[in-house]
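Okay, structure first, notes after.
Should a chain be cited, it is by its letter among A, B, C and D, assigned in written order, with residues numbered from 1 in that chain.
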């Protein structure tokens, strides 16, 4: 909550793989399953395309939450991509937690092309978490220079 | 809403029912019941709870949970019956069996299942 | 600097109702690089596309952003429009303001704001787009069909008739599949074998078709147009060229008590056997697990009696490596295991059988020579109960949540055939719903009731209990009468749910074809591309894609064949240009990228590099763009950022991130 | 030490090697620096003592480009880095002649100074003691009190790769390598943040950590290339430090041999090894123990997977 008591509008970046999750988001759309407009989707070919740099950059630029969606393990269009994602993000998120970024600002969720409902509930849930965590100050631009 | 209470306590979503009748087909007390197990689901759906509260079936149900076990849609009609029964029991209160009474009612002919279900029924 | 045109689609009221499209266009004009912005009713219409083409020509656009529906819907449309306008199709980006915006937000202010941001991200990306040119790859004019049932046979015949080479790989010793196990087919009641056998013979005789029975797919590599497949021909222990199919070996084999797979375990076969009389090829196979010779080293009777000298105990599995342009999956189905359905007493009583077992019982070549009898004691039954939806439409872990689709019809068929042949037998069918969509299907079902007086009871069976008198006590419910029914039946037939054949997940993994939670292969689009897998060059035929009956299977088999032919008819394919590319100056040659590449598309070469004047030979990565499918796994694993993905470059994605977080 | 010089001269003389990677005396006797020797005379300046902590394996990258072999002296822990570089094709095994040198723990000048020693003139080593001659008189310190941090979590006395070994090694392992990481893990989110904020705020982006790191061997770092729009942003954006150190640690995750050089060379004294060790700990716990550089073949944990790996959420919450 900012000082003017304006409503907190979080910025949420969702990376979605083209084959499953992006299609799942499309299905959520065509099924009119609402989720907050704070969520903006970036299409990537596979969840394994998401470089930790992208996630940190989003936070640097003021994102309050970053969620990464891919095919369910075993269903990756490229057969193994999401397995690498799973390891990379496990380590990255664990590191973010380690340096004091609130757990919950980052998430990985597996959403298939048929799971429009899951996509919508996931986004609603994630947006709710980010809302409760409030603005992301820790990973923002707040270095204390002595 | 009493209908909502029933749904909440039993955890049953009556909309999941596909009206296959497997519950009633499995029920050992079917013939003694005025409202059949599968009807419990539609009665809740149609909000005819009064009829359920007055029903003989809630006393006839053995709580064997065959209907719960075998329901292909995971509706669990047995939990509905159990819930309605609980509502009646809680309302009347006084008719609860005490554990001491149970021992006096025992006789060798008494089916084990009845005993187990008696405890299931009255433990709450 | 790019010159970008932004085109905002109303999609009738689909977008315009919750997004102020004019404002999106106005805001877009403020973005760097944007020199043109307009909105229009239907951007995807010919008139809409003409607007794009005209704007490109008038304003010399170098990039296009279309704010419209999902790129999965119309990306190709707009790329083609760009091509018509004379600019590279990959200079187009779509901002998905329908599925991801207008359709999920009710508030117009909110919707518009989000649409503006999504447009901004697309504009930021286009600013960094570069023209991409698809490569070309060759097409091997040969198709592989995995599965030799009716689906596989029909697809093979259709492809072969179009003049292309086809190989069928079938894991059992004969082609024919489930259909060969059926007795009669609905709704015409013609004999299954009579219509299938000629097709099997046609396939075997076709000069373009090559059949590998008793074989499995071991390994698949490559990509659309150029797959390389290793086929394992399991050791049959018979020299197929020498065998005359006389059958003496099976006759003389002393090991005769092995449950016959073909008869669903109801009859026996020998250790050296041909699964059924019309098997193709008519060459037996030795079941090494049960063969005395293989188990003890003694016997060898078959070899002694074989006049052709075809028996070969030393035979080993053979791996055949072949190239294919297209692969059709036709792996079919099996019935589910009934171990968890105790209430039906399937494992307790021989008289409780599945419908597929009943097919064998009713078949003249089956275990009872076609006589309807109780399997426990061979007695003629008086009362038969059919139970539908056994494991189908069941959301618990015991069953399958889908409808198996064929059971209503075959149960009506069975009931009718029994009542026709044995009018003295009472037939009761317990059903939840009778589903008969299909030509002449409902008429067929009504005939079973009206002409053959089959007793259809709306309700389920709760319990089947074997009785001391040898009968089965069936406790069911008649929901319409609201009463419980107790019936003493001689036989109970279970309309068991069908599920995809067990090995399909392994095959799907090898093909990188997607598969759903029920193990049915996923189609590229549920309505518009029903016989293609999302994996290019892989097509779906028959029940592997979803439950279906024979006419539907044959229709789909034909459709899959046409799609495969459409691919094989091409000499060259355009490849996806969104592939990885290594920056030679940044590459360390460390091989980490090659470790994660699922396609083996990255090779290393020693190359003379001129790095700002420093000339040296370096080990650098080189991507084979024909193999690369563009997943991007390598780009993240590369520590120096030498690997980048065209069309989804680091800078492009970062630009999108920046635009969204601005 | 003399044995090393003699052997070096022999190898130079018979032409088996054309150059030698070792250490030579620096500005003071107690801060030797890495050096490349090309002839016998130069070798007279060769030194090997308790202050030769510097890991020479990274210099083999350049040496691999030369004609002929280079003799390189590696301490047991240095061989891990050598293997890792070998695995990544950054160095050529054929171009290296490895002499595994004995090591019984290397000394930290900082720790000696921290112990209150000033005006150091000369330092001599004994088995367990260190004698320091200073302007203000002599001092004796316990060796174990002034060891480099990394020696307290010594990987062992075994050389993982070598052509010959000269000298005896001793294990100096007396601390749990993950205890510092665990202490941070136990902190509250707020405390963790404040801790790292304080440490990272000291960073001046001098890149010493990157330059010394044997795993940071990229020809061009992503933070210097235009591939991520991240080049030359050193002082324009203070988020960079965090980004830089997380990404640097991530890029060396599964490749870092925990040599501790990053922390040793940091002029601001930021405990950078805490990032790397957190990844090592997570990898060990989630994917099975893995020690980068144990051999030159095994693929790293981030380039493989199992079907039932932990989900990221579980990985974070396992806490």
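Note that a contact is a pair of C-beta atoms (placed from the backbone, for glycine too) under 8 Å apart; a residue touches a chain by one contact, two chains touch by 3 or more.
This structure is a prediction, so every number in the text was calculated from the model and none was measured.
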Chain C reached from chain B - shortest hop count over touching chains: 1
Rounded Å distance, chain B centre to chain D centre (Cα mean): 71
Cα-centroid distance, chain A relative to chain B, in whole angstrom: 46
Rounded Å distance, chain A centre to chain C centre (Cα mean): 31
Chain centre separation (chain A, chain D; CA means) in Å: 36
Residue numbers of chain B (touch at least two other chains): none
Of all residues in chain A, the ones touching two or more other chains: 52-53, 57, 74, 80, 84, 88
Contacts with two or more other chains, residues of chain D listed in rising order: 222, 228, 302-303
Chains that touch, pairwise: A-C, A-D, B-C, C-D
Chain B-touching residues of chain C, taken from the complex the two chains share: 343, 389, 393-396, 398-399, 430, 432, 458-463, 475-477, 479, 482, 484
Touch list for chain D against partner chain A, complex: 181, 184-185, 189-198, 200-201, 222, 228, 230, 237-239, 241-243, 246-247, 249-250, 253, 275, 278-279, 282-283, 286-287, 301-303, 305-307, 309-317, 319
Contact footprint of chain C on chain D as seen in their complex: 65, 88-90, 217-222, 225-229, 251-252, 299-300, 302-304
Residues on chain B engaged by chain C in the complex (per definition of touch): 16, 18-27, 30-31, 36, 38-39, 66, 70-74
Residue ranges of chain C in contact with chain D within the complex: 583, 585-592, 595-596, 604, 611, 616, 619, 637, 639-642, 644, 650-651, 654
